[in-house]
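Shared chain: subunit A. Partners: subunit B in the first complex, subunit C in the second.
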Partner chain A sequence: MSVLHCNIPDFVSGLLRRGDDALREGALGVLAADGTLWEASAEARACGVLAGMTTRQARMRCPDLRLREIDPARVAAEQAAFAGVLAQTGLDVEMLVEGAGFVDLSPVTRGIEDVRPLCADLGRAVRAELGEALQPALGWDSGKFTAQAAALSVSPGHMRLVPAVEEARFLGPLPASLLPLPPLALMQLRWLGIRTLGDFARLPVAATLQRFGPAGKLALELARGHDPRPVRPGPRAVPEPVEVELDAPTEQPGLALEALLRALAPLLAELEARLEGVRGLRLEGRMLEGTRPQLSCTFVTPLSDAGALREALSAALAGAAWPGALLGLRASALQIGERYPVQLSLLMDGADSRPALREAVRPGEALVRRLLGRHGAIFYAAELPDPTHPALERRGALRTLAEAR
Partner chain B sequence: MTHAWPDGLPIQVETLDEQGAPRAFGWRGRNWTVERVVQRWMIDTDWWSERGRLRRFYVAVITREGLLCALFHDPEGGWRITRVYD
Partner chain C sequence: MRGVADKRQRLQYAVDALQARYSVRAAQRGAEWVRAPRVGAISTGFRSLDAITGYAGLPLNAITLLSGPPTSGKHTLAYLCLRQAQVATPRQPLVALIDLPGAADPDYIARCGVELADLLIVRPPTPEAALGALADVLRARQTRAILADGLLDGGAGLPARLATLASLMQNSRCALLLLDTPRPGWREWLNAPGRGAAIQQAALHLEARRERWLDYEHSLRGYRAQIRVARSRRGQAGASAAIEIVFNGVVRRRETW
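== the complex of A and B ==
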């Protein structure tokens, strides 16, 4: 395979900036319909603002943050324009999220020499269509995962082509948090001291399968530079709607949600094994009074773990506050997407200074931030770098939780 | 329970014996008289470290009041108490 990943960082913020000169500088946050942050600009992220935060949390970290609401129609139109530019190549195109997509270059390229001019042309075409504010970063490899990592490792307006012989050397030092595994699995990797893709790639297949299931085995292949997932053009097949009927009417949507999650469990397990998740869905309630209120949810990142889905849907249901008692709940129009690192922005644990790699998906970070926000620096992590040092204070140290991470 | 202060707490030492250990020291508002020096040792380490060289003279003493504690003398920080054993 020959796969190109085209990624426009901060796509939605870039759109807002393109249309409003006053927003060109400074920290900018884009609000989703539920009031949480959909996207944070690079300046906002530098202050610690991340997607998924509430307005209050974001303002606490960045008092100068300017917030604008997302305009779904406009974003969809621009995304369609972006997809259109990629599709002009006449090749298979798979759109991942806003401002990111894959192009299957296999039919037209044989080696890196063919790819370079093609990528340059494509980059120019995207710039011409979307403007200078939305410059793409391009990454190329024989598989989707490495191509995506390559695109993330360069700044907008540049490309990184990874020949097959360099795959292991390129992927090895990148953070393991790049893997599209669920947050809990990423946290476990961190606990196990597996920080880089190189560390992960060295694990035995059997042990990875045993601990992380089929998703872990697939992730292992990705970390080793073998991505079997093809570029899938066009919309994905929508799974059948899932509906649950309750034994008795309830005014607690949480009970209905639990039943729905149980019904969704096989689908979620199947998605997780393929490193995919639910990107959005429509919830429909069947009320005792006969009404059928609806609620559309779109998630910042595709979700495949029941816990995260429960949290997101509970918040959405609480916000909707359907009146009356529920008789049943139905999930339809399930949008499926490949899991990808949150905000497509990553952190290197080492000394790498490439900006796109400095911000990471740090497992457990949300919990740490919540604790620090509530209690301040009263949580400490002990480190024992030299447990036999003759002076007590040099044996170990207590660091605040934030520093220790 | 043994109390430990990794950085040590400053103590007031007025007089030393022939081998350089305190005869008495002031700590927490009272005077403690050293009845017996149980152990003495020196460390000179970390001259290669960014955190700086450590040269210290440690003594473990028992006071007349029955306190078993470890004291150290640092050329820069003076005398400090670092442990009280229970």
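== the complex of A and C ==
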């Protein structure tokens, strides 16, 4: 197989910047309809702002953040234009998210020599269509995952072609968070001390299967450079709607939601095993009064874990505030998509440089140096060595400033 | 003419009597009245609370006492004030935390929005050592706000040290927030003279009391607290404001009424 991944980083914020010169510099965040952050620009990510955060969370990390609301129609039009450019090749094209897609080059290329001019032509065509602000980064490999990692490892306007013999060497040092696993599994990997794809690839298949299920086994193959997933053109078939009937009418949508999530569990498990998730969902309530209010949700990232889905749907239902008592709830998946790494900035912004930066900054170092002689080692700097540790008391630590002397 | 002179004389007697009984500022002639100098303040982040303090927040160059029982929200409010001090003065964002109980949690402080890189934590062994370190930090004039926790559990020398501290605070351009956990009366009488002295020295005394927990579908999401102004040199004592603290990964404040 020969797969090209075409990725336009910060697609939506790039669109906004293209239309407004005032937004060209500084941190920029794009707001979704529910008020959470849909996308954060590279400057905002450098301050710790991530997609999915609330406005307050984002502003807390980046007070200078400028927020603009998403324009779904405009984004869809530009995405269609982008997909059109890729489709002009006459090859199979699979669109992943806004500004990212795969092209199956197998019918027209034999080796890396054939790919290079083709990629260059495609990159120029995308730039001509969408403008300089939305230049793509291109990655090529024999599988989708490595091609995607290659595209994420280069800056816009460049390409990274990974020959088969270099796959293991290329993937090995990349962060394990690139794997399209659910957040909990990625967190478990971190607790186990597995930081890179190389670490993960060295795990035994049986142990991975036992710990992370079929999704883990598939992820192991991806980390080893073998991606069996083909490029699938066109929209994916959505599963049949799931409907739950309640025994008695209730005015608490949370109860109905729990019943719905139990009914959705087999579908979610199936999606998770394929490293896929629900990108969009439509909820339809059946009220005691006979009305059927509807609610459509589009998620920042495809979801396959019940916890994240519960949180997103609870917030949406709380915002919708359907009047009256619920008799039943029906969910129809609008869009199914492959999971993709959420923390794209890991590669592009160099997260590893942050601890070093934190180390260099010492609070009132000159002041402490003056006071140490009189008061002794009673001065400390606070830091968060492991901010996601399950035990709260292990997340933060105090570092003595005695060595400031 | 004589009648007018008599009236002025009687008015002067009345003013003198009022001033002798209450203070020279209790009654003043219009010509003598001078507007009090504007005192800078650090906002608490809650507009309703700022409005009742009389200073638009925590006064600079003065001591603020924040008292309340455990889980009343005083620590969270104090951390949010540290955050406000950092945000208000980006050029001098250093704030200090005197942590005598040794219970400060960096994770929670960070969730309150405090930039840990600009936070100096001091853990002295005794209240007396803490007062010495606090005085030196104040003299250095590099911090915008200092939060002192557990300082009022000191011994008999504390009132005098607090008076010294209050004089050091003048022109320091720094807000000092003392946290106080009220204790049973017998213990107050036995070994904690610091609280009474702190109340005397504080320009602003706030009392926090948790009103109720905020839950949503059987999960705890935060709490609502009442902050009462027990004493203010500029504001009206007895006024109170409701605040809401909401937890959602980060600690957020929420205006309420």
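Some notes on this structure:
Definition applied: the second predicted complex is superposed on the first by the 341 of 405 C-alpha atoms of A that agree within 3 Å, B and C clash if a C-alpha of one lies under 4 Å from a C-alpha of the other, contacts with A are read in each partner's own complex, and residues count from 1 in each chain.
In the analysis below, contacts are C-beta pairs under 8 Å (C-beta built on N, C-alpha and C of every residue); 3 or more make two chains touch, one makes a residue touch a chain.
As the structure is a computational prediction, the values presented were derived from the model and not from experiment.
Of the two partner chains, subunit C is the only one that A:M60 touches; subunit B does not reach it.
Of the two partner chains placed by the overlay, only subunit C lies in contact with A:A381; subunit B stays clear of it. Using the contact criterion defined above for the overlaid structures, shared-chain residue A:R211 touches neither subunit B nor subunit C, since it reaches no partner. Of the two partners subunit B and subunit C, more subunit A residues are in touch with C. In the superposition on chain A, A:R292 contacts neither subunit B nor subunit C.
Once the two complexes are overlaid on the shared chain, A:G254 sits against subunit C while remaining clear of subunit B. In the superposed model, A:L371 makes contact with subunit C only, not with subunit B. By the document's definition of touching, of the two partners only subunit B reaches A:A391; subunit C does not.
Common to the subunit B and subunit C interfaces on subunit A are residues 392-393, 395.
On the side of subunit A, the complex with subunit B involves touching residues 389-395. Those residues of subunit C that touch subunit A in the complex are listed here as 87, 94, 96, 104-110, 113, 116-125, 129, 132-133, 136-137, 140, 142-143, 217, 248-250, 252.
Here subunit A touches subunit C in the complex through residues 54, 56-57, 60, 63, 252, 254, 314, 358, 361, 363-364, 367-368, 370-371, 374-375, 378-384, 387, 392-393, 395-398, 401, going by the rule given at the top. Within the complex formed with subunit A, the residues of subunit B that make contact are 4-8, 43, 45-46, 51, 54, 56, 82-83.
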